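In what follows, a structure is listed as structure tokens, so that the remarks can point back to it.
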Amino acid sequence: MPSSFHTTRRVEFSDTDMAGIVHFSAFFRYMEEAEHAFLRSLGMSVIMQDEEGPYGWPRVGASCDFLGPAKFEDVLDIHIRVAHKGNKSIAYQFNITHEGRPVAIGRLTAVLCRLAHGERPRSIAIPEWIAAKLEVDPSLPPAQA
Amino acid sequence: MPSSFHTTRRVEFSDTDMAGIVHFSAFFRYMEEAEHAFLRSLGMSVIMQDEEGPYGWPRVGASCDFLGPAKFEDVLDIHIRVAHKGNKSIAYQFNITHEGRPVAIGRLTAVLCRLAHGERPRSIAIPEWIAAKLEVDPSLPPAQA
Amino acid sequence: MPSSFHTTRRVEFSDTDMAGIVHFSAFFRYMEEAEHAFLRSLGMSVIMQDEEGPYGWPRVGASCDFLGPAKFEDVLDIHIRVAHKGNKSIAYQFNITHEGRPVAIGRLTAVLCRLAHGERPRSIAIPEWIAAKLEVDPSLPPAQA
Amino acid sequence: MPSSFHTTRRVEFSDTDMAGIVHFSAFFRYMEEAEHAFLRSLGMSVIMQDEEGPYGWPRVGASCDFLGPAKFEDVLDIHIRVAHKGNKSIAYQFNITHEGRPVAIGRLTAVLCRLAHGERPRSIAIPEWIAAKLEVDPSLPPAQA
């Protein structure tokens, strides 16, 4: 089953800047929080624990194209889908709209890693039970369909 | 020797909000960073290590009065002084001005604690060598003198 | 009718710091967003418009006592009440808990102001229709009751 | 003369997250602030004013690859260069290192726009005097050279 998820987010006052709109860096927080909500919806978290200790999804790349402004108290629609699945990594695509109007399209690539305290993350193969929950969704984002 | 310190900080674009001025929450980051610069100037850090492990200064209280706006690219003067010294805690006062004009007066209270990973911080007495570097400075803040 | 409001907020990854808990400055954003949700629940916003132009609630003071840590994905309860009502100002008290455990108690004081673009805010008397919606609630915060 | 610029930035406590390193979204703020310092070094700002009113550089795209962790109090080197110059847009490349070790490589694309208050930004051709200060620098980033 292709994996996708929808959530909403209301723009907060502190997300805006002196140009009167959401600061571009805030969209990366929006994307990350949507990813975490997506993982929660699948019964997972961005940091999990097994008998070998904690493991999780450090990000190795992020990008965003800004297509239109978002304003204070706008309720944004955020669609997330699995755009690519590798042996150790997942790339998510995010489509952010406001009342159907395109606002931003972003991408986040995360690599599954062992997270030993005080050590550098070490990438590991995605276990089958996780990979099964994160199927690539080839559909176009809603605003481009 | 009374302990005080002066640093400057340029307002960044992402610190501003749609009202065109620095968002009030940013002043708490400014205050904390001035505290850390102050500690560095004394050869310390907000998190240190001894043979028993890491210890540091979790904050238990913070307050700020906002006296005037700060704008993008303003270079703020931040004066910090030790306002109170307890057995386990230090209270800093911050006086933030722009070209002599009052912008904010804040206060941060931190408690020295053992910081064992995964455990709740446990307060400890401030060692003599640290206490000696953090003498109460009874002077009025510059903008009120 | 005493004015109070309850909302919840899930701690996001970017709200945490290297100590593994919510950074203290994030609580001020939490408080502000709860205030704005409270205003929305009363049919108002933090920035409104009448025939004379925009007006709103710049903050003149903020404080918070930190009583216990909050962690990633904790769903915090935020109770807000009107603690004081002046002729031109409102002080809100916030009681933040996690599953009944005290996390933070904060206060925000805002002054109603005319907000002409490019000019400094000018305080004005709170109109009767707004004052009627913001009655002082003398009750103790839940965690202290 | 190819346009490039170097600045440094110390990692602040509030930039870190519970993984103990700089949160990925902070690098976008670092990049933007380096861009603004670059513009200041050339006698410009990200928002300027002429007889027709304000104009500036809204961003239309941002991306970053994360190559290694950055920690609290690390002093990062940020090299910025003009990677592409269009008729109305500029793309900057950022190379972020710590003591020579690669940390992040990012890109920011900004479009010169008229910024009338309350209206949507309208792109304009880059005036000759600005274009002359922003020459493409074809050099490889230091960490890749």
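Think of it as A, B, C and D in the order they're written, each chain with its own count starting at 1.
Criterion: contacts are C-beta pairs under 8 Å (C-beta built on N, C-alpha and C of every residue); 3 or more make two chains touch, one makes a residue touch a chain.
These numbers come from a predicted model, not from an experiment.
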Far-end chain from subunit C, centres as C-alpha averages: D
Subunit D against subunit B, contact positions shared by both copies (same if over half, else different): same
Geometric centre distance via CA averages, subunit C-subunit B, whole Å: 23
Inter-chain centre distance, subunit A versus subunit C - centres from mean C-alpha coordinates, in Å: 29
Centre-of-Cα separation between subunit B and subunit A, whole angstrom: 34
Residues within subunit D bordering two or more other chains: 13-14, 20, 25, 29, 32, 72, 117
Of all residues in subunit D, those that touch subunit A in their complex: 19-20, 24-25, 28-29, 32, 56, 58-66, 69, 115, 117-118, 120
Subunit B-touching residues of subunit D, taken from the complex the two chains share: 12-14, 29, 32-33, 36, 40, 45-47, 72-73
Subunit D-facing residues of subunit C, complex: 13-14, 16-18, 20-21, 23, 25, 72, 117
